[in-house]
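Chain nomenclature is as follows: A, B, C and D, assigned in order of appearance, with residue numbering initiated at 1 for each chain independently.
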Amino acid sequence: MRILMIGDIVGNPGRKCIRDLLPKIKENYNIDFTIANCENLAGGKGINKKVINNIFTYGVDVATSGNHIWDKKEIFDFIDSETRILRPANYPVKTPGRGYHIFELNGNNIGIINLSGRVFMSDLDCPFQKASTIIEELRSQCKIILLDFHAEATSEKMALGRYLDGKASAIVGTHTHVQTSDERIFENGTGYITDIGMTGPYESILGVESEPVINNFLTQLPERFEVASGKVQFNGVVIEIEEADGKCKDIERIQDLHEF
Amino acid sequence: MRILMIGDIVGNPGRKCIRDLLPKIKENYNIDFTIANCENLAGGKGINKKVINNIFTYGVDVATSGNHIWDKKEIFDFIDSETRILRPANYPVKTPGRGYHIFELNGNNIGIINLSGRVFMSDLDCPFQKASTIIEELRSQCKIILLDFHAEATSEKMALGRYLDGKASAIVGTHTHVQTSDERIFENGTGYITDIGMTGPYESILGVESEPVINNFLTQLPERFEVASGKVQFNGVVIEIEEADGKCKDIERIQDLHEF
Amino acid sequence: MRILMIGDIVGNPGRKCIRDLLPKIKENYNIDFTIANCENLAGGKGINKKVINNIFTYGVDVATSGNHIWDKKEIFDFIDSETRILRPANYPVKTPGRGYHIFELNGNNIGIINLSGRVFMSDLDCPFQKASTIIEELRSQCKIILLDFHAEATSEKMALGRYLDGKASAIVGTHTHVQTSDERIFENGTGYITDIGMTGPYESILGVESEPVINNFLTQLPERFEVASGKVQFNGVVIEIEEADGKCKDIERIQDLHEF
Amino acid sequence: MRILMIGDIVGNPGRKCIRDLLPKIKENYNIDFTIANCENLAGGKGINKKVINNIFTYGVDVATSGNHIWDKKEIFDFIDSETRILRPANYPVKTPGRGYHIFELNGNNIGIINLSGRVFMSDLDCPFQKASTIIEELRSQCKIILLDFHAEATSEKMALGRYLDGKASAIVGTHTHVQTSDERIFENGTGYITDIGMTGPYESILGVESEPVINNFLTQLPERFEVASGKVQFNGVVIEIEEADGKCKDIERIQDLHEF
């Protein structure tokens, strides 16, 4: 099975890029199932009903997320009922929404998990322990398990990857909006990459206009950040999984540049 | 001119990798000048006289560094007299050593700057302002200016890169020990990559043994980290610069895997 | 000379408390000059023209501030012209407003400095170096120098206090909104207290309603914080200074509780 | 019942101060039970068998702790068997030692809990949820419940205090080494103070020599911190509890200064 995981889609430019490029990418890479991190989908911050529905229409099967998922209050209206949206599973119990779910495709169960790091981030439950518990629960029903680890620190990301080596099909990082070139398969068969990057404006800083970000660093005064415009980059990774045992057979980075 | 910049060299395995691979890499890529981040050179933490001299013998021309440069007290004995070692230039004035220097090669002056980020790091002087001031000073003597920005946050790194677009030949990130795949040339001719990665043990977490790092995340108790062994990865970037105007003509990532 | 320094005034309840209590406090304690931290004056976040003018009318002579000073955009309209408002002096050069100023009272020059800490706070210029530079500049004109150090970490606050012992009349901390009981006079004559506390709602968490703050800790989800109501606490410190040499002769904490 | 809680005892000077002053303080204040935070007992960092035994000999009944508890490796030899030592209860399950325990005194059960904050500190389990769970467990056996909340941020400390109002006899903060003057009894009968301070060298920065701390802030270079000498301050709080219902009837700060 070939699974496409797409890095944080940022705002309107990111969504248009998915709309325009996704069909062809899925065809070219022979994709069976598509997961996209959508925490920055609506104006760069959060998700609303309209844009997430569009994304599903464009061919995304499951939306993972991260710290920005709560930025638009509207999310609380539909996150409990929309099983295709995941939020980090290590938010406190009772948090609205779900952090993992099993999806069925051609007779195969695919377990998808979303977790957030803690280093330089919010004080959530331990992602290492949470991952163990969830995977143990999923294992009886799924051979294929994929995890979007939304985290900042490279040490925490690689540590989780190695900790879960042999227990999941692939651990894929998001959040930094910069794709890393360290994709690999660990020795027990788990695919890994520290960050799959961002799908959004190319002439930007992490998807937003450069000038206010630079000013903010220079002045330390509050600035208003807006999603940038112009060319859009597509960032993602294609993971090939052996359905018989859930092992990762291949992990390949994708970068594309789209002009409207 | 073709310049090789090498990602944080970690411990004995990293040094051996440089010793064994550097001559051939320099030949293959037609390298004129070699810069390597050496903050993790001695046992993964800091620099001592012996190992830094070895590194220069192996063919490195200039050593940049970062937060770990002070880990071995010995550094204070020679950092003032050894002009080939740079520490981040935005440490307070009066800090031992230097943060930038001009090197001469075949009649060309090459200005090398080392700076540290502040986001999730130490409270240093502003790297944006410091970079401006230093570049203004160097400009009259150097067409070619290269900057090793040792920083954690992708936003700070890309912001500095864009801020200096057109003012330096290349801005190259280090510190995360994971190479990114976002190398590019900004529109005013400055080469950029968020992180050039690490030269050190491949079966590791950022160069050190995996198990103590994983345990530290699981237990939150202090652990002793040791440089890992086994295969070694070489990470770096080749930057081609037009000598006439200092513009970046090409930036290419290098990854190699070395077994002893 | 007897100087009153008032801890962060929070919102409408804090302002009313000043209006109602300040005249009597000034009389009871024989106050010559009054300084108040006003970063939370308008709705708990920032300052606007109307509320700051009211505060001056109520008898405050100088307003210091901190990280929240920029929360209301209106501040940029008048911070350059209103010399009675100070913002932390270690913001980058060119930041609007001023970080220190000399005020004249009965033939005495009083130098007031406002600085921000860096530990767990914004990446500003070094408060230790900045304090030295400013004090050197003020010394020729002022015997009396007071510093509001708006900072989080007790180590940074006490370190600055001891660093400046003998160079200023008093170093007084703000920002944590909790008054400390460590007021003292260091051996070279500088008065010190880690934090003078907050003037605002008593039944609150740092001035804002308790429930959203508790929820935010429990859920890690965004919450909207509102200034609380009910009884109001007055927090401050009275500093007695020998005019002849600027030494601190006494430092006394004040706490009062006000019901409307 | 009258309970004495003593702020972080720092090194040899702190221990001597306890040895010399504790008997008289217990007599003067009519103390029935004594709890002391001992995370800095041995050389300012951690605990060893000898010094903790001395402290118990001097009259401390229970030792709470915090982030520094693990600094001396020796702790792992006896923390499991010594029930009078507590470490923060919100370390991951399976962490050596215990985070709460019931102590018996004259037919009364006293439940003591130790927790660590997370803001600006380690990534532990949620102290709010953990406190709820533990208190629910203790409630059936103890009317009197005391909690040492070892935390940095005033917001987190006061939030936990208010969250537990009516569920514990008192919530007492430690860790900042600076005593606050906000002791109070919340409306449902829980005593509270943000920080009870430090028992250790008075001419110091948080117990250690001032100069290296100041240098560290000025240079941002590593420094070696040593416990200071000279006069010693005693910091603590006396809590009077109604045995019938466990409510706090009085909370009084203690400060003393001891010269050898």
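Methods note: contacts are C-beta pairs under 8 Å (C-beta built on N, C-alpha and C of every residue); 3 or more make two chains touch, one makes a residue touch a chain.
Keep in mind that what you see is a predicted model, and the values were worked out from it rather than measured.
Colleague: When you check each chain against chain B and chain C, which touch both of them?
Modeller: A, D
Colleague: Looking only at C-beta pairs that count as contacts, which pair of chains has more of them, C-D or B-D?
Modeller: Result: the pair with more contacts is C-D.
Colleague: Give, as an integer number of Å, the spacing between the C-alpha centres of chain D and chain B.
Modeller: Roughly 44 Å separates the two chain centres.
Colleague: Report the inter-centroid distance (CA atoms only) between chain C and chain D in whole Å.
Modeller: Centres of chain C and chain D (C-alpha means) sit 30 Å apart.
Colleague: If a residue has to touch 2 or more other chains to count, which residues of chain B qualify?
Modeller: Answer for chain B, listing residues that touch two or more other chains: 92, 123, 126, 129, 218.
Colleague: Under the definition above, what is the set of chain D residues touching chain C in their complex?
Modeller: 120, 126, 128-129, 152-156, 158-160, 162-163, 176-182, 187, 194-195, 197, 203, 205-206, 210, 213-214, 217-218, 253, 255
Colleague: Any idea which chain C residues touch chain A in the complex?
Modeller: Chain C reaches chain A through residues 70-71, 91-92, 94-95, 122-124, 218-222.
Colleague: Which of the residues in chain B come into contact with chain C in the complex?
Modeller: Touch residues, chain B against chain C: 92, 118-119, 123, 125-126, 129.
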